[in-house]
Every structure is written in C-alpha cells, then in structure tokens.
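Below is the structure I would like to discuss, written out as structure tokens.
By written order: A, B, C, D and E. Residues from 1 in each chain.
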Amino acid sequence: MSTIETTAPPERAGAGAPAVAVTGLDKTFTTSDGPTQALKGIDLEVAAGEFVSLIGPSGCGKSTLLRIIADLERPTTGEVRVFGTSAPQARLDQAYGIAFQQAGLLGWRTVAANVELPLELHGVGRAARRARSTELLELVGLSDFAARFPDQLSGGMQQRVAIARALAERPRLLLMDEPFGALDEMTRERMQTELARISAETGAAVVFVTHSISEAAFLSDRVVVMSPRPGRITTTVTTGLGPVGERTDALREDPRFFEAVTAVREGLHAGSAGVAGTGGGSGGTGAAT
Amino acid sequence: MSEHTTATAIAEHSAGPAAALTTPTREGSGRARRLLMGLLGVLAVGVLWEAYKFLGPDDGVVVAGVRILPRTTDIAMPHLWDMAIRMTEPVTRAEGADLLWVATAKAAAFSLGVAALSWVIGVTVGLALALLMQRLRTAESAILPWVVLSQTVPLIALAPLVRNWGSKLSLGPISWENWMSVAVIASYLAFFPVAVGALRGLKSPDAIHADLLRSYAASWWQTLIRLRLPASVPYLLPALRLAAANAVIGTVVAEVSIGLRGGIGRMILEFAQSAAGDPPKSWAPIFGAICLGLLAAGAVALLGLALRRYRRGEEPA
Amino acid sequence: ACTVDDGGDDGTGSGATGGGDDGELTQVRLQLQWLTQGQFAGYFAAQDQGYFADEGLEVEIVESGGDIVPQDALVNGDVDYAIAWVPKVLGSIEQGANITNIAQIFERSGTLQVSMADSGIETIADFEGRRIGSWGFGNEWEIFAALSQEDLTVDDIELVTQGFDMLGFLSGDIEAAQAMTYNEYAQVLETLNPDTGELYQPEDLNVIDYNEVGSAMLQDAIWADTERLANEDGFAETTVAFLRAVIRGWVYARDNPAETATIVTSAGSTLGESHQLWMTNETNRLIWPSTNGIGLVDQATWDNTVDMALQTQNETGSTLITTAPPDTALDMQYIEQALEDVEAEGLDVMGADFQPIEVELVEGGN
Amino acid sequence: MNVIARRILPPVLLGIVVLAAWQILVTALAIPQIVLPSPAAILAETLAYIPVLFSAALVTGWNALVGLVVGSLLGIGFALVAASIRVFDELTTPLVAALAVIPIVALAPVLYTMYGADVQSARQAVAGISVFVPVFLNTLRGLRQTRPVHRDLMRAYAATRWQAMRTVTLPTARPFIFTGLRIASSLSVIAALVAEYFGGPRGGLGTFITASVAGSDYARAWSYVLASIVLGLLFYLAALAVETLAVRHRPA
Amino acid sequence: MSTIETTAPPERAGAGAPAVAVTGLDKTFTTSDGPTQALKGIDLEVAAGEFVSLIGPSGCGKSTLLRIIADLERPTTGEVRVFGTSAPQARLDQAYGIAFQQAGLLGWRTVAANVELPLELHGVGRAARRARSTELLELVGLSDFAARFPDQLSGGMQQRVAIARALAERPRLLLMDEPFGALDEMTRERMQTELARISAETGAAVVFVTHSISEAAFLSDRVVVMSPRPGRITTTVTTGLGPVGERTDALREDPRFFEAVTAVREGLHAGSAGVAGTGGGSGGTGAAT
C-alpha cells in the first residue's frame, strides 16, 4: 500500500492545550434497577499527538469514558476538556473523528458516500469530497469498492470504511472504540500498522479502546488499564516502544514488544485481582508507571 | 411479485419484533402517563369536533369544488353531548325497549362472540398454511402469491355467495346457520395476517439456530416445537392483533351484508332508518364497533402478556 | 306465538309437504326481502293471529339484510316461499331460477321520487341534468323505465346511489331521492326542517309517484319453486293453505293497523312506534282496495312489467332481461283457489271501502 | 429462467389447477349458474363487458388512488410529528387504535353525510382512512428504527435535526414506509369499492357488483369482482414498482 | 474456579479411528453470481484427543470446513469420516458438540434450559439434565446465572453458556467456530486456559476455528494454516508446547510460546503472500511441518 499524503490540519484555537484532559470524572447511570456507577474518579490527560489505549474487562466503562470525551454522554461530576475547550464545544467544532465498535455505515449509501458523509454535513463541495474519499479509500485499501454498498462488504471491510470516515475531516483527535474488534488477525495487524502510521503522519492524538493486549501494546504510547465496574484507572503502562509512527510488523517479533504485552497483562490482572476469580499470572517485566 | 416483499408486508406492518433497544427509564412511569395522555387525546378530539362544529360553515369547507372539511349541521355532526344523552335513552318508545347503550353493549357482545370464533378459525387456518409453506418451499411459492391476492377480493361481494353455498351444506345434524356464514367471511379476513406473520416468524430463527438443532439431529417436529414456534411469537402476536381487528371488521361487514340479527352490523342497518330524524342514534353502533375492536385487541394484548417470555428483547410497545 | 327466525334453520327448507290434516304442523319457511318491518305486516299478523297454525302450518319468517337476494334463497332451497320484487326476479329467472309468482301481494308500486318543493323537479322530464338517487340493488329499474318513456337515458341524469338513510337527500346531495311511500318518505317527514324548526311537511316536498308516471313495476310478490309446485306431492295444497293464511293476515292488517304495527315491533323490529304504524298503513294502501282480490294480478299488468324489463336499458347498455320469461313465471291458480276459499268464509278480499288511517309522525319516528 | 421456474410457475400452475377443478366441478355436477358460475362463463362475461369494466374500474381506481395518496401523505406526516413529539404520539395512540378497528361499513354512511353523497369525496375519505392506519403505523415504526450508532454518529458530527432526519432517520424508515404503502395499495381499492355499497355516484365496480347480484347475475358479478382483483393487484404492483425504484439498494 | 469432574464418555464404535479424517475435500458453492470455490483439496486428520486449530484470513473457508465435518454442509467432492463413520452418521450419533461464532442461545429459555437443550432433545430425564447443567455452568463460571435469560448476560457470558451447551453430551469431538471471538481479552485468556484443561480432561478432540494467532498457538497441538479463497491448507504448525491440558497462564510469557506465535504468523503471511497486498513480516523461528 502506498503512503498517502495526509496533511496536518490547520492550526486551531487551543492548539497548545492537551488533546484530552479529564479530571475527577464520575459517571452514574440511572436505570430502572437503580443507579449504576460506571466510572469513578477518572483523571486522564492525553497530549496532542499522543496515542493512548484504554484497556480493561468488559463493562468497565471504556466506551462510556470515550463517549463522554466525545460529548455523546454527559459526565455526572468532573470535567472534560478537549484541546482546551469543553467537550460540547469540541463536538460542535468537529475537533475529533470517531469510529465505533460497529461500523455503523449507512446501508443506503455507497462506500464513497459513507466516507463523505461528515464532509457533506459540513458543506464541503462535491469535488473536494470525492477527492478526499478517493484518498481515504486508498488509505484503507478499498479503492475498488468505492461504488459498492456496505452490505456487499465483509465486516472487516466495513470497519475500514468507518475508519476512513473518521479520518475524513483530518481531525486532530481520533476517538476509536474497538474499531478492529471485527477484523481477522491478519487484517487487524495490517490496520494497526496503518493506524500507527496515520496517527503519526496526521499528528492526531488517538484515544483507542481495545480488548486486545497486544493491540494496545503495539499501538500505544501509553496503555491505560481500567478496573472492573465501577471503572477506575488502575495502571498506566508506558510501552516505551519508540515513536508510534515507526512501528512496523517487525516490532511484533521483538522481545521489547513481548515485554510491553506482558506488562499490560500484568496490569490488567493486578487491576482485576480479587474481582474476577483468576489471579494474576506469573511474573514478567514491564514498564508500569 | 417478490417473495420477500410479500412475505414481509404484513408482519412488518404489524410491528415485528423490535430490536433490543430497551430504554428502561421510560417504562416505569410510563403506564399511568400513557393512559392519561390517551384520555387527553380522546378529549382533544372531542373538543376539536365541537370547536369545528361551532366555527365551521354549515356546508363545510369547499375548495375548488371539493369539500375538504365536512359539514357541520346537526345531522352530519351531532353534538357529542347529544350522542351521550341519546345513549342513556331507550332505543324506541316501545314498551320494554332497552336503553340505547344497553342495546349497543348487547349487540357488541354478540358480534364479539362471532368475531372470536372467526378469529380462532382464521388463526388456525393461517397457522396451518404457514406451517405448510415453511415445510415445503414449493408450497410457499405456489400459495403465497394467492394468499396475497386473496386480500384484493372485496369480501363484501363474497358475503351473499358464502351464505348461498353454506346453505347447501349440512354437516350431519348440524345445519348451516347464518352466523356461520358471517364467521367464515370474517375469518377470511383474519387468516391473512396470521399466515404471513407466522410464516415470517417460523423462518425467523437465525441460521445458526437451525444449524444447532440440525447438529442435534433434531426432527422437523422437534425443531418446530423447540425453536420455530417460540421464535415466531414476536411475529405472531402483532399478526394475531391484526387478525383480531380484521375479525371484528369482517364480522360487522358480513352482518350488514347478510342481515344477521343481534350484532353491531345489523344495528347499523336498522338505525340507518332513523339517521335523519334521530342523528345521534346512528352513532351508537359506531362506538359499539370501536369498543368491540379495542376489546378484541386488548384480549390479544393479554395473550401477549402471557407469552412475554417469548418476547424478551422486544421493545416494550 | 310469534317467532321470527334470525336466519338459522334446518337447512333443508323443504319441509312443506302434505296437508295440515294429520295433526302435525307442516314446516314452512318464508324469506322476506328486508328486515322485519311493517312492509311485511300481513305475514306477521298471520303468524301472530294463528292463521298459519290454523292451516296446519308452522311458519318461520326469515329476514334478509343488505345483500341477501330472496329469490336466490328460494332457488337454493333454503326456504319454501320468498317475497321479492318482480323486476328483480325476472332477472334471476333469466339466469336460470325456475320460480313462479304465486301471489302478487302489492298491487301498486310504493316507489316515489321525492324532491324539495323548491327544486323544480316535478316530472320525470325535470330529471335531466339533476342528481337523482336510487338504492341500486335492482331498485333502479323503475327510474330507467321512466326515463326511457321521456326519451331520456341514464347519461342525461346524474345517478347517485342512496345509502340506507335519507341523509343524502336532506343534505341536498341528492335532488330527487328514491323513497318508498312506507319507509323513506316517512323518514323525511320525521326530520326537523331547519328552515321552519318543525318536521318536514308534505307541502315541503315534490313527490313523483311511479304509478302515475306509468313506469311502475310490480313489487312485493310471493314466489315459490316451479318444480315443486308441479311435482311435489301436497306442495300445491300447502301453498294454497299458506296463501289463505296470508290473505287473512293482510286483511287483519288492513282492519287493525295499530295492532299489527305492535305485532311487527314485538317480532323484533327496532323501528320507532310512529314509523312502524305509518309503514303498516302505507303498505295497506299498496294492497287495498284491491282490484281483483289481494294477490291476484291480471295478465296485462304482468305483461306490462315484463315489457319494461325487456326494453329498459341500464347505464351499461344491458336490459334487465333479453327474452320473455316462461309462462310458468306467473301462476295465479293457487291464489285464485285461496281467494275462493276465504271468500266462501265471508272474508272481504277486495277492501273496496278501505280507508287509510291518519298517522302522526314524531321526530325520529320514535 | 430460474426465477420463472421457481417463482412464477408454481402459483400459475396452482391457479390453473384450481380453475380447472372449478370448471370441471360446475360442468360435471351441472351446477346452475345461479349457484356458482363457471370460470368460462365469468370469462365470457368479462370479455363481453370489457369497456364497462374498464370505465367502472377507472371510477373506483381513481377514488382509491386519491385516497391512497392523501391517506399516505397524512400517514407519513402524522408519523413524522408523532416520532418527534412524544406528547403527540401519546395523545394519538388510542385514536389510531380506534381508527384501526372501525369497520368501513360503519364509517361510510357517516362520511357520506359529512362530505356529501353526490361526490366521490366520501369514498376517497373512506379509502384515505383505511390507508392512513397502516402507513402511519409502519412509518412510525420505521422512524424508530434508527440505530444507536447512527444516532451517536449524527451527534458526533453536530448534525442539525433536519440533517439527521434527512441522512439517517428517513432513509432508515424508508423500507418500512414502503411496506405500509404496499399494504395500503390494495386496501385502498377494497375500501373505495366497499364504500360504493353505501351510496355515492353510480358507475364504480361496487355498485355494479350489487346491481348484478340483485338480478342473480352472478357471472357478471364475478366479472366485476375479477376486475376489482385485477385493479387491486395493479395497485399492489405499482406500489412494488415505486418501492423498487425508490429503494434501489435495499440493505440486507 | 474448582476443577470439575468431567468423566470421559463411554467407549463407542470406531474408538480406534481418528476423530476426523478429511480426504481430497473440495467445496464449491453455487450462488446467483456463479460458483464460488470455498475449499480445494483439503486433507486433514485429527487424532482422537488432539487439539487442532484452523487459522486463516477471513473468507478462507474455515467455517465451511468445520460445517462440513459437522455435516451441516455437504462436500462437493472428497470424503469426511468422523470416528470412522460418515459425517451424517456421526451427526446422528451425536459424536460431536458444536459452538459457533455467535452464541446462538434461545432467548426464551433460561441459561440452564439452554444448556440442557441437547439433553432434552435426546430424552435425558429432568433430574439428570439439571445435574449436568449445574455442573457445566460451574465449569464456565456462571452458576449464579442459571435462572437468568440470555439477554440479561453480556456477550461473553452468552458465549460461555454456548460452550457449556456444546459440552453437555460429553462429546469426544468438539467443533468450535471462533467461540471466543466476542470475549474480552482477559475472559478470553481465562476461557482458553479452561478449554485446554477441559479438552484434556474429557479426552475430547477439538477442531477450533480462530482468527487469533496467539489463541491458536496457546491452545493447539497443531495449527492448520489456510490460504485465502479457495481455501487450501498451506502449512501445519506443530506448536510443541507440551500436552494441552498442562498449559497454564505462565505459558503466555514463555519464549517458546512467542516462538510458536511467530511460527504461526509466518505461516499465515507466507500462505497469503501475493494474494493480499502485504508481504510477510520479518523472520522468526517456528516448527513448521
């Protein structure tokens, strides 16, 4: 796959501020069975250009945290600032691009039209849109499928379209909720490598929710490990594998990578010890902060 | 005619199973509120009726020669209170005549009985057809278009024929009665949503479930009982509700057509005679028909409550 | 004593055999052509007064409804006798119904065309270009016949189907509505005239009587299966016995209109009291005074109706019938016999001095 | 080829078998016309009366069409309002439930008085009301099918209400709306036809069915019924065609 | 979690035969777009008690192969024998248990009733069924959820119920199609360890379809690597990590495990080289046969 020029976005207000700054965040859902505390005392800062993964057992609130950052959900207490502005403002400013667990493509639009959707909503002209979608589809390796409809694509391909769509407006922050969960291992690894490159090239900060330890380790500058409900941040693992943009497939067979994987695993097991029945595994080294 | 589109038509119409998109917060306070709002809605229509009757011109609103809004004369739109008061008066001056609302209730009860029977017949036939179509693909492709086509037949035209043919029948000691003709006609309307809905329901289990049962070497019958029938409940219930409404409508239409004594349909015929001199009176059977239909739909809703185990994951209606 | 069947029966309907002298009552079913009402007063009176029972008959009176065709019920064998209008039956006969008019109960047509006094519709010729109502169901033939007398066709008028009620007329949608003297005409007279605040009065209305126009066709007649009359043992006797009772019934209705109206109401009619009485009274006027004795029609009158049926075209260009009905369609021997029998008892079957009563209609007919 | 063998052939064969059985039954048992006319007789009658059938179908068809269009527009419009304003939805729920169970036979006489017996409006209103219910219910259901992920997406894009409606809500509802229209299509014909039984200008299929039945001319009555079936089928197929055109790509 | 006694099934006919023997198998689907060859020249033997994983890119025919073994699909050419009998016979004999990508639970049955479904269909008495489901739910850690309904469970829990169901009749062969695809990494690893133990204890052979290289390596005696469509077996990696039943979480941080992972990855990349755009990664050792 060729490297595509993805120019950095023009400077915007608050460029000096961290991409994401979450302080003292709690989130309690009120359901018919009573309140559920999903998140408790979350403090998190993601620097501009930084790649941070959120990992933790199912139901620990990873998606909730991401959705609060995206202003799709309001925090119960605490503050969220995105590039120095409030989360709602950041949403209105289109400061981030987002991709979900499900691809969430519009079945009645072609692949290209799906990628162009955010541009269309924000009044970008037809030609510019087409140029951008062509560029992005090449990036995700789906150039031949521009005119297809989502249901003619495999689940993995659909997810790649969703990623292309999230990149459409050259956001400086990418919010991704298990975007590779549906991909097969090979494609997944390839997409990881691509994402690493893209995030570096665009200079976008990424908050990346995943279940996969190796994925988190491979992609991230830092891996934030969360505990089971109510979700708290138990550990943050700095992978120390060098600039994200320079990570290639070779890294996957590098002992440093295994070390990072082991560190994340340890963090996870430690964080949920006593909650789930299984204790942590045997020892291993890792740069837990 | 596409198989997909025909098969889906009614079941979708009648709200197939909704995605598990439960918003639990809504449900608790909802019931009382919905009831209240519903009553308010009915009230609002009443107010609208009277307001339009008061404000609207006698001859209605005519635009370019077409009457867009109805006339407001007492004959066309009697006052609601006149209708209500009339309900509490005897049907006629004759001695021993029932109060109008009592007579209406009696007629509704009679029609409900016939409609219930029609519903049972329609559901049985519909289910049988659905099973046949599910079992044999050829049967499905051969029958389904006709099932759809059957609903383009104006049943009112069939009523006298059914009575004629029915009178030719005599099943041993049981002779053909007019109410049976009414039931046949009403079940003709009732069977359709069930056939289509049940077929869709019987086909609704995921391929994976069918595979699973196949891996257990389960027989067709076992698969039907354990998988297909339970899975079809969410499709079946709306179909049953529709069938109930259709059974009521069919009953009333056939009663009018055949002149079967005792029901709402007959009441419509009879009261039409005094529609001019006593306009509120002819509204009684209309309200009777509405109550009847709502009652029938309510009964199916109760059935749905009994089967709620099979409707998990359905959005609360 | 008075039973009206709501439609159910043993399904064979052919129980009417044998005379009444073996002590056991002969089962007879009579199909009306509409709901229970004063139009059929004579039959209910015969039932109530035990005239049928006296003849050894147990008669079940079967109502009909919106779309029931009495002569078809007869052809199907559901009933033994049916009341139906001659022109409608002529059509059925052409379609293969093998039935016979055994008694032409109504001598006159009860059909009117009613319009508002200020409508300017006073003759059939005035129909041209106006909105003319008819029920359909075969009731339109008298209009068509009248039109063709005036060299008009259906295309010259705007023919509107009337509902079960007279609201279309009262709202002005129908300028000249079809109305039976005994029913719909009264419905109008039971309605408040918004201009006067009182009930509509006959002066408020223009009435065209088809008897006067000359296009009247024969209406309520009693029909029976031709085959059974000819071949079934005892059926002819039963028929005569039945007709005797019917004659007595109608005579009773003539002489006791108020009582008869009550009889009909208690037989299950929901019509209002004044309306019922009006209907009974007006029905009497269609029968009495009788020219030849009740039920007896002369060949010329019959032929007149047949001729109209042969010639009159409807809007699709078809005539009611294309060939004259067989001679068996009319057979007056049974009614003649019955008349003779009851006259011997001293019954007045002519009603020469018949005087209709005055009926005061109240609002809604109630 | 394959489609013909699998989709078209079986129903046609079944139809032929049934018709043949009917014809044989009538012929063999010498069933009189007045009880059950034979298919051949109905066909003969139909062929002889094609122009009349056609003009009658035109009258009924036009009423059905007007009812279909007006009823559908109202149904979709009300559903849009009900979907966006919860109070409105709650207020109208029992009314729609009631509307769904009113028999045409009860409604028609009332509507004739309200709208006039000399014009086709009442029939069109009857057709429109019968159309309204399924279209409204289906549209409302369709409008509620929006997937949470799409809703999130629209919010993330800070899309306006109208944009969300245009890009996500309506397209999601589209198949449901068309389902409603498909059901409504043949329903509108029946409703318009039945309404003719209770009054209004002559000339439609309904009035001719009653006129023929009154004279025991069942072969002709059936030929009018046949015409009404064909009319209903045409409406259905037209709705199907519009749907195929509008929903060029039907997501699986 | 306690160890549960899962007795080996009684001996049946053909006990000496391999669990699965596939020879010269081709599978072509006829679709409206013409024929699709899904599998080509598959030869595969799975010994009794052996744990074999199938891995390969999406659409390579893993599921199809599994379904053919289960007699849910008929081969176009070639032969399939299960414990020496034909595949249809094996299905009728209930020689295997099966679990799919989706849990496929029946929503109107409680968790326990779902587990008991196959027993119920085969006439096992109520008490015996209840005893078995209690045992199995303990095995998968869902004892507290026996009376719940599937929609009250997370996706992961549902999948665990499905696995319990597959084990209900103590099959000597387990067919599993990405059963852990929906689980989060921690649960997934725990389930892997459990499955390793269960398969060893029951002595059941397992044919296990997965996308995850590490999962395949951790669980299997042999990993069968398949090529993109038409699916062929390109490599078979013998993991050489000792008896499956003795594999514990410690193994995950063992260099031999990383070697096995690398070997499978190499095999995968080699197998699909020239088909997908990405070439194989850098070198690594592995016991490719």
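In the analysis below, contacts are C-beta pairs under 8 Å (C-beta built on N, C-alpha and C of every residue); 3 or more make two chains touch, one makes a residue touch a chain.
Remember, predicted model here, so these are calculated numbers, not experimental data.
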TODO: Treat touching chains as neighbours and tell me the shortest step distance from subunit C to subunit E.
DONE: 2
Task: Chains touching both subunit C and subunit D, listed by label - done: B
- [ ] Just list the two chains that share the greatest number of C-beta contact pairs.
- [x] B-D
TODO: Can you check how far apart subunit A and subunit B are, centre to centre, with Cα atoms defining each centre and the answer in Å?
DONE: 51
Open item on the list: Centroid from C-alpha atoms only, then distance subunit B to subunit D, rounded to Å. What do you get?
Closed with: 16
Open item on the list: By the touch rule stated above, which residues of subunit E touch at least two different other chains?
Closed with: none
Task: Where subunit C touches two or more other chains at once, by residue number - done: 66-67, 69, 72, 76, 163-165, 167, 171
- [ ] Mind pulling the residue numbers of subunit B that touch at least two other chains?
- [x] 71, 75-76, 156, 160, 164, 168, 256, 265, 268, 272, 275, 282
Open item on the list: Taking the touch rule as given, give the residues of subunit C at its contact with subunit D in the complex, in rising order.
Closed with: 66-67, 69, 71-72, 75-76, 88, 91-92, 95-97, 131, 133-134, 136-138, 140, 158-165, 167-168, 171, 173-174, 314-317, 320
TODO: Provide the residue numbers of subunit C that touch subunit B in the complex, in ascending order.
DONE: 6-13, 34-35, 63-69, 72-73, 76-78, 163-167, 170-171, 183, 187-188, 190-192, 194, 265-266, 268, 270-273, 275, 363-366
Open item on the list: For a test of understanding, state which residues of subunit E touch subunit A in their complex under the given definition.
Closed with: 1, 55, 57-59, 141, 154-156, 183-188, 190, 211-214, 248-250, 252-253, 258, 262, 265, 268-269, 272, 276-278, 281-284
Open item on the list: Please output the residues of subunit D touching subunit C within their complex, sorted ascending.
Closed with: 32-35, 49, 52, 108-109, 112-113, 116-119, 196-203, 207-208, 210-211, 213-219
Open item on the list: Quick check on the complex: what are the subunit D residues that touch subunit B?
Closed with: 6-7, 10-11, 13-15, 35-36, 87, 90-95, 97-98, 100-107, 109-111, 113-116, 119, 121, 134, 137-138, 141, 144-145, 147-148, 176, 179-180, 182-183, 186-187, 189-190, 193-194, 197, 205-206, 209, 213, 218, 221, 224-225, 228-229, 231-233, 236-237, 240, 243
